[in-house]
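I've put the structures underneath this note.
Presented sequentially are two complexes of chain A, the first with chain B as partner and the second with chain C.
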Partner chain A sequence: MKWLKIILFLLPLLLAFSDLEAQQRFPKPEFHTKYTQPTPTTPEPRGVGMEFVDVLVLLVVLSLTSWFAIKKRSRNGILLLTVFSAIYFGFYRNGCICSVGSVQNVALAFADPKYVISLYALLFFLLPLIFSLFFGRVFCGAACPLGAIQDLLIYKPITIPAWLRKTLGFIPYLYLGLAVLYAATGTEFIICRYDPFIGIYRMNGPHLMIYLGIAFLLMGLFIARPYCRFFCPFGAILNVFSRFSRRHLSVFPTKCIQCKLCTTACPFEAIDFPDEEKTKPDTKSNTRRFILYMALIPVLMLAGSWIGSKSHVFLSKAHPDVYLAELLISHPELKTDSKNIDIQTFLASGKSLETLVAEAQVIRDKFYTGSWILGAFLGLVIGLMAMNQIIFRRREDYQANKGNCYSCGRCLDYCPVE
Partner chain B sequence: MQDTQDNIKLFGNLITVSGIFCLAVALLLLINYWHIRQTKPLETEALKSLVQQFQADPESEALKKDIRSLDLLARKAFFTSQWQIKAGALLLLFGAIAFATCLRIYHTMKARILEPLIDGVDSKVTRMLSQRWILITGGLLLGSALVVSFLTTDYLKIYEETGTVVQAPAEPAVKVAVVDKDEKTGRQKTEDGGQEDGKTVVGDAGALVIPAKAGTSPLSSAGVLVTPAKAGAPSLNTDFRNNHPSFRGPWGQGISYHTGIPVDWDGPTEKNIKWKVALTKKGNNSPVIWSDKLFIAGADNESEVVYCFNRLDGKLLWEQDAKDIPGSPAVPPKVTADTGLSAPSVTTDGQQVYAIFATGDILALDMEGKRIWAKSLGVPDNHYGHSSSLICWKDKVIIQFDTNKGGRLLALNSLTGEISWDTPRKAKISWSSPIMAEIDGKLQIITTSSPTVAGYDFDSGAQLWAIDCLSGEVGPSAAFADGLVYAANEYARLAAIKPGPTPVIVWESDEYLPEAASLAVSNGLLFIATSYGMFACYDSKTGKKQWEKEYGQGFYGSPMIAEGKVYVMDRSGAMHIFKVDRTLTSLGDPILGEKSVVTPAFADGAIYLKGEKSLFGIETIRQQKK
Partner chain C sequence: MNRKTFINNSGRLILLGGLVYLTGSIIFKRKVSASGKYVWQIDPFKCMQCGRCSTQCVREISAVKCVHAYQLCGYCDLCGGYFKPNTHKLNTGAESQLCPTGALKRKYVEEPFFEYKIDEKLCNACGKCVKGCGSFGNGSLQLQIRHDLCQNCNECSIARMCPTNAISRVPIEAAYQIKGDFKNPALTNPK
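Now for the complex of A and B:
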C-alpha cells in the first residue's frame, strides 16, 4: 500500500518532466500586424503514446476506485485517488481531455461523417460508462478532475430541500441536450467553453471561466459539488447508467443497524431512507397518477418537439456562420466597420453573402432536426422525472441512491458496522 | 477528548486563516487585473503622444531618449504585473491546497462526534412538491422557448424570400440620387435629386435602394430595402468601342476600333514620340484609356498606386494609393520579378476605374481619383503573382481569381463592391484574363485555365459550357470571332472551339503555342505570338497556317488588331506591324528604346506604349513640328 501511494504520487511528476510532448501547433506570435494571438482554449497536443498513458491512468483510477469503494471500503483510498486525479487530470493534463467533454466528441462523430473521433476520446467517454454499469459512479467519486476539486473543498454542506434538489436535477439534462445539439451541428463545444474549473487547473483562461470557477468553488463550500449535482451533463448519463449497476457501493458491509450516521456523512444527500408507514402512498391514487403520466409523457414529448422545432431559429444563432449571415443581413452598414474582425475576415475571404446565407441555411436545417429531437427529449425527461416521484420502491435500510451516489466513500467511514 | 477538541479548534482556525489568505490573494489578483486593465501600460497616451511628436521631428535625440525610457518603464510595469499574477496564482493554489487539507482533517476529526440525523425527509409532501415543481419548471422552460421563438426574427428567411439585406433603421438612405440609365455607356448615370416613387436610387453608401412601396414586402414600411441592380442586354456600345476600356481593348477581344494609328516611331530619337514620362513604380500592366484619360497601375512593397495621365500631354492628373483596405495583408505576397505586384491591367467604364493587385486588394475610383470602394479578396495563393486583368461592363466588374487553392470567377457590383455572384471553377491556377463576347444573343465571359476553357453567363455567373483542352500554367487569354472561341497554351495546344451546351473542338494545332501573349482574331485570321519569338498567322476557320515570321526576341505582350493591321511588341520593345492578310506583309518594326512586356493601347491617331521604365504617347507628328 505504501509503495502504491509512492508510485501514484511519483507518476505525475515523472510525466511532467517527460519530453514526449508533441510539437507546438500554433505559430509564434508575429509583430508586424495588429493581430493578437487568442488565448488557446485547449492545451498543446499530446503525443499518441502519451494519450494512451492517459487512458491507462484513467482505467487504473477507475479500477482502484471501484476496489476501494466496494471491496476495500476505504474512504482514505478514494480520497487519495481524488487528490491524484486533481493533480494528474487537472493540473498536469490541464483538464483536457475529460470524459465530461468527450460527450460532445461522440455527438459530433454521430452527426458529422467527416469527423472521426479519436480512440482516445472514445475511451474517455466509454470507460466511465462501462464502470458505472458495473460499479456505479466511481468516475465521479475519484477520477473526474472537475468533481475532485469540488470534493476537496466541501466545508459546511447545507441540506437542500428535496423538491428543490429534484427540480434542479433537470438542469443537467437540459445542458446535456444543448451540448449535444451544439456539438452535433458543429456550433461549439459548450461544455468545454463554460467549464468552470479548467481555468483554475490551467491557471489561465478567459475571465468568465475563472470567475465561474471561483463562484462554483465558493458555492461548493456550502453546497457540496454544485456543478456535479446540478449542471454536469455527463453526470446525467452516468446517473442513468449507474441505476443499473449490479455491484454498487453499499453503505453497510453486512446489515444496516439504522444508526443513520451515513445520512450525516453524505454531503450530497444521496442516501435513501427506509420507508415509513406514513410515506407509503395510496395505491389507488398512485395508479391513477401513473396512468396519467403514461399518457402525459407522449403529449409532453410532442409539445416539446413542436416547441423545439419552433426554437431552432434562435438556437441556431449561436452558430458562427448563422450569426455572421444574420448580422450582415440585419446590419449591412457593419461592412465598413474595420474593427469588426468577423465581418472583415469574411469580406477578405471573398465569399459572397449568397454563399454564406446558403451555408447558414444548411446549418439551420440541421438545427431544425436537432431542436425537434431536443424538445422531445426534454419533454420525455420532464415526464419521467415527474413520474419517478410517484414510483414507490420498498426499502428497509439506509441505502446509497444508485443514481445520485458518487461513490466518494464518506458513508463508509461513518458506518460503525464491521 | 480534550485533545480532539483542541485539534478541531486548531484546524478550524487554520481553515479560517487559510481561507482569509486565499480571499486576500484573490482580492489582490483582482485589483492587479483591474489596475492593468485601467492603465494599460503598453498603450499609454504619453507614449503615443511622444511617438507623434517624434514623427513630426524624427531627428530629435531627446525625444528618442524619452520614448525609450517611457517604453522601458511601461514594459517593466507590464512584466511586473505579469509576474505578480503568476506568483499570486501560485500562492492562491497553495492556499487552496492548505485550506482543503485543513478542511479534510477538520471534518475527519469532527465526524467522530457528530450526532446522526433523527428523521428522514422523504415524504409524500416532498414527492408532491417535487412533481409540481418539475412540471412547473419544465412548463416554464418550454413556454419561454416558445415565446422567444416567436420573438426571434429569421433574417435568413427574409433574405431568401426577398433577396434583400436590411439596413439599420437608424441610418436610412439619407442622401439619394436618381439613377437613369446612360444609353451610351450602358450603366447607370447618377445625379443628385430627391427620392421618387418607383425610381431606383443610390444611397450615399453606394448601395442601390428601392424606395418603399406599401405592401410590396414585409419590410417595405421601413423603406430600406436594398436590391442588386439588374444587368441589361449585351451589345458592345459606341462608348466602349470609342475607348480602350480594358486590357486588349473593349471586352478584351484584342481589337481596337480606332483609326489613324501610327506605324512609325523611334524611341531613342523621339521620332513621333509626343510625350514620355518616367514610371515611378513597377507594374507589368497595360495602359487603359477613356476619353483623354489614360490609366495604369504600379506597386512595390511600400504601396499600390493607380495613376491617371492626360493622354494628350502625358501630364499626371492624379494618383491614388490603395491603402487602409480592411483585410489587406501587412506584407505583400512574394512574387516573381517578371510578374510583379501589379501585373493586372486596370479597367474603366468611363465613370469609375477599377484596379486589382497581387495582394488581392481591389478598389474603385471615380474619374477624379476619389475612392468609391475598396476591399480585399484575400491574398491569392499564386507562386508568380496574380496577373489576371479586370474587365467591366454595366454594373459588374469581373475578376478571374484562379489560385493554387482553386478557381473562382467573381462579379462585383461596380457601385458598391459587393459580390454580385461568385462562381467556383473547376480550374487550376491561371494567369489569363477573362474576355467577353456575345454568343447566341447572350453575353458571356470566356476564361482559359488548366484544363478548362469555359463560358459563363454575365448576369448570373452560371457556367454555360466548358471543355477541357488546355494544360500547364495557362497565361494566354482567349479570343472570339465568328462564333468560335480560340484558346491556346504552351506545351498544350491551340484549339478553335464551337461553344454551346456540348462544345466541340473544330480544329486544333500544336505547332506554335504562346506562353504569355493572348490570341487575336480578325478577318478570318488568327495571330499567335510565342515567347520564343515566333509570330504566326492561321486561317481562323480551318486552322491552316498562312504565314510565320521568327524574331530574336520573344513575345509577352499580346497582339492587337487595329485598322486592318496587327500590332505586336517583342520583349526588346520593338513593335512589329503587319497587315491583316493571308500573305505576310510587314508594315514596320518601330522600336521603343526600352524593354516591354505589355500590350499597347489605342486612341484615334495615337498609340500608347509602356516600357519597363517609361510610358509613351505616340502620334504621327507633322514635319513642321520638328
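Now for the complex of A and C:
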C-alpha cells in the first residue's frame, strides 16, 4: 500500500521527465574528439545607458535655445544648436525616441495598466512642454530633430494665404487625436509609422518611408517646415502651451519702429501685424458674435461626439484582432485559404471564434469611448479656432505669434532697433 | 495685474496642473521604469515562422536573424533545417539546401556529427530553416532580434504584424530569449 502511494506520487514526475525526453528527437551527441560546443552570440543592444545622456543633452539644448532666443537674441546660436540636434538626435541617435512620438507612449501608459513607460520617454514628453510654458516653443526652435532637418533645408519660402494656413492648421489636431486614440487602444503607433524623416536619419528603411521623407524635404524647400506646420501632432500641443508662456522671444529688443523689415524674415508667416484703426470691430456686434460662438462650442462638441461614436466601428478596424474577427465572420470561406497567415495561425492556435469575437468586442468598446471623446475634442478645436478669429486683441507692434512662432530666431537679425 | 496677464497666468497654471495630473497618475500606478530599458524580442516558443520577420522590419535587411541554440542541437547528418525535405544526397550543393541565401553553413565535427552555423550577413530571417529544424529536428534553430542591428523602434513594426504576437518588449537584462538545455525545464520553456 505504501509503495503504491509512492509510485502514484512519483508517476507524474516520471511522466513529466519522459515527456521532456520526448521533446528532444535526437539526443545530444557525446563527442570523442576535442570539440567545444559554441555558444550563441548575444550582441548588446545599441546605446545602452545613453538614455540618461539623451535627456541631459535635451535639457541643455532647451536651456541654451531659450537663452539664445530671449536673452542673447542670436539667430546664429540657435542655428548652431539646430545643426547639433540634427546630428546628435537625428543621425547619431537615429531619432528614436523623440518627443513627438512620446505622446503615444504617454497615452498608452495612461490608458493601459499593463504598459510600463520608460522614465526617459516620459521626460522627453514633459521637458519640451514645460519649457514651452515658460519660454515658448524653444523645442521646435532647435531641439526637435524633425524640425531641425526641415529648418536647415528652407530655400525659397513662399507665402501661403492665411485661410489655407488656418484650415490646414486643423490637421495636426486631427492627427494628434487619432494618434492618441490608436495608442491608447493598443492598436499601433501611427506617428512612428508615418514619421517621414526617421528613414533619412537612419539612412535605412522601407522605400515608402524614404520617399515620403524626400518628398517632405523637397516640399520644404518652398513651403517652410511643412511637417511642423500642417501635420506635427506634438506641435499642436506645443502651440497651445506656448500661447500661455511666461516669456517669449520678441522680434524687437526694446521698441518696434514699424519698419516692417521683420515681416519678410519669417518663413512661417508667424509674425502678427498691428491692427489698423479702421479694422477695429464695433464692440457691440462683436460681443453678440462672441456669445453666439460661445454657445456654438457645446453644439460643435456634441455633434463631434455623435460623429465620433458613429465612426468607432470604422476606426476600430485598424486593430488586428477586430479586423480578423470581422473577416472571419463576413468571409468564413477564407478559413480554407492556406495563404492567409493570420487566419491559419488563428485556426492553429485552437482559440474559438467566440473568444476572438469577445476580445474584439472589448477593444471595440474602448474605441467607442475613445471615438466620442475624440469627436468632442475635435468639435472643441473647431469651435476655439472659429472663436479665435473674432476675438479682438489690441496689437500695436509687429510681434511673433506665440502659438505659431518656432523661436527660430530669423527675425531677430532683421530688426534694426538696437 | 491686468486682464491679459491674468488670463496668461491662469492658463499656464491650468496646463501645468494638467501635466502634473497626467504624470502623477502614471507614476502612482507605478508604471514608470527608471532603471530598466526595454527592447523588443521574439519568444521562440510562440513564433511559427510566418516569414514576416524578413519583410516587416523597418530596416531594409531585417534585424532578425536565425540563431542556433547549440545546446539543443543533435548535430545530425540529415539536418531538417539544412536540407530540403526528401533530399537523398546529403551533399552541400545549393540545390539540396533549404536556406535560400546559403546562410546556414555545415561543418564536419566527427563521425557522424555536423555542426551548423549561421552566417548572419547572409541570413534574411525567412525562417525556412527554423521551420525545417522544428518539424524534423530538435528545434535548435530559432529566430531572434539581433540588438546590434535593431533600431529599438518605439513600436517594432514586425510586432504589429506578427500573427502569433510572439514579439514583445522585454527588460534589457533578458534581451535574448534563446532556447536552453532540454534537461532544464525552466530554460526550455519559460512560459
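Just so it is clear, the second predicted complex is superposed on the first by the 370 of 418 C-alpha atoms of A that agree within 3 Å, B and C clash if a C-alpha of one lies under 4 Å from a C-alpha of the other, contacts with A are read in each partner's own complex, and residues count from 1 in each chain.
Basically, a contact is a pair of C-beta atoms (placed from the backbone, for glycine too) under 8 Å apart; a residue touches a chain by one contact, two chains touch by 3 or more.
The model shown is predicted, which means the values in this text are computed figures rather than measured ones.
**Student:** Mind working out whether A:345 is in touch with chain B, chain C, both or neither, as first, second, both or neither?
**Tutor:** Both partners.
**Student:** Between chain B (first) and chain C (second), which does A:241 come into contact with in this model arrangement: first, second, both, or neither?
**Tutor:** After superposing on A, A:241 lies in contact with chain C but is clear of chain B.
**Student:** Which partner does A:72 reach: the first (chain B), the second (chain C), both, or neither?
**Tutor:** Neither partner.
**Student:** For A:320, decide between first (touching chain B), second (touching chain C), both and neither.
**Tutor:** After superposition on chain A, A:320 lies in contact with chain C alone.
**Student:** Just checking: does A:209 make contact with chain B only, chain C only, both, or neither of them? Give me first, second, both or neither.
**Tutor:** A:209 sits against chain C, while chain B stays out of touch.
**Student:** Common interface residues of chain A with chain B and chain C?
**Tutor:** In the superposed arrangement, which is not itself an observed complex, chain A uses residues 32-33, 344-345, 348-349 for both chain B and chain C.
**Student:** Considering the complex alone, what residue numbers of chain C touch chain A?
**Tutor:** Per the touch definition, chain C meets chain A at residues 8, 11-12, 15-16, 19, 22-23, 25-26, 29, 31-34, 36-39, 48, 50-52, 58-60, 67-76, 109-110, 113, 115, 117, 136-139, 146-148, 150-155, 157, 160, 163-164, 172, 175-176, 178, 182-183, 185, 188.
**Student:** Per the contact definition, I'd like the list of chain A residues that touch chain B in the complex.
**Tutor:** It is residues 32-33, 79, 152-155, 159, 161-164, 166-167, 170, 174, 203, 207, 214, 217, 259-261, 263-265, 272-274, 276, 278-279, 281, 300, 303-304, 307-308, 310-311, 313-314, 317, 322, 325-326, 328-333, 336, 338, 344-345, 347-355, 357, 360-361, 364, 375, 378-379, 381-382, 385-386, 389-390, 413-414 of chain A that touch chain B.
**Student:** Which of the residues in chain A end up touching chain C in this complex?
**Tutor:** Result: residues 16, 20-21, 23-29, 31-33, 35, 37-40, 42-46, 48, 51, 94, 96-97, 101, 104-106, 109-110, 113, 115-122, 126, 129-130, 133, 188-189, 192-193, 199, 202, 204-206, 209, 240-241, 243-246, 320, 341-342, 344-346, 348-349 of chain A touch chain C.
**Student:** Spell out the part of chain B that touches chain A in their complex, as residue ranges.
**Tutor:** Touching chain A from chain B are residues 15, 26, 33, 86, 89-90, 93, 96, 99-100, 103-104, 107-108, 111, 114-118, 120-124, 126-135, 137-138, 141-142, 145-146, 148-150, 152-156, 158-160, 165-168, 171, 205, 207, 226, 324, 326-327, 330-331, 360, 375-378, 401, 408, 410, 418-422.
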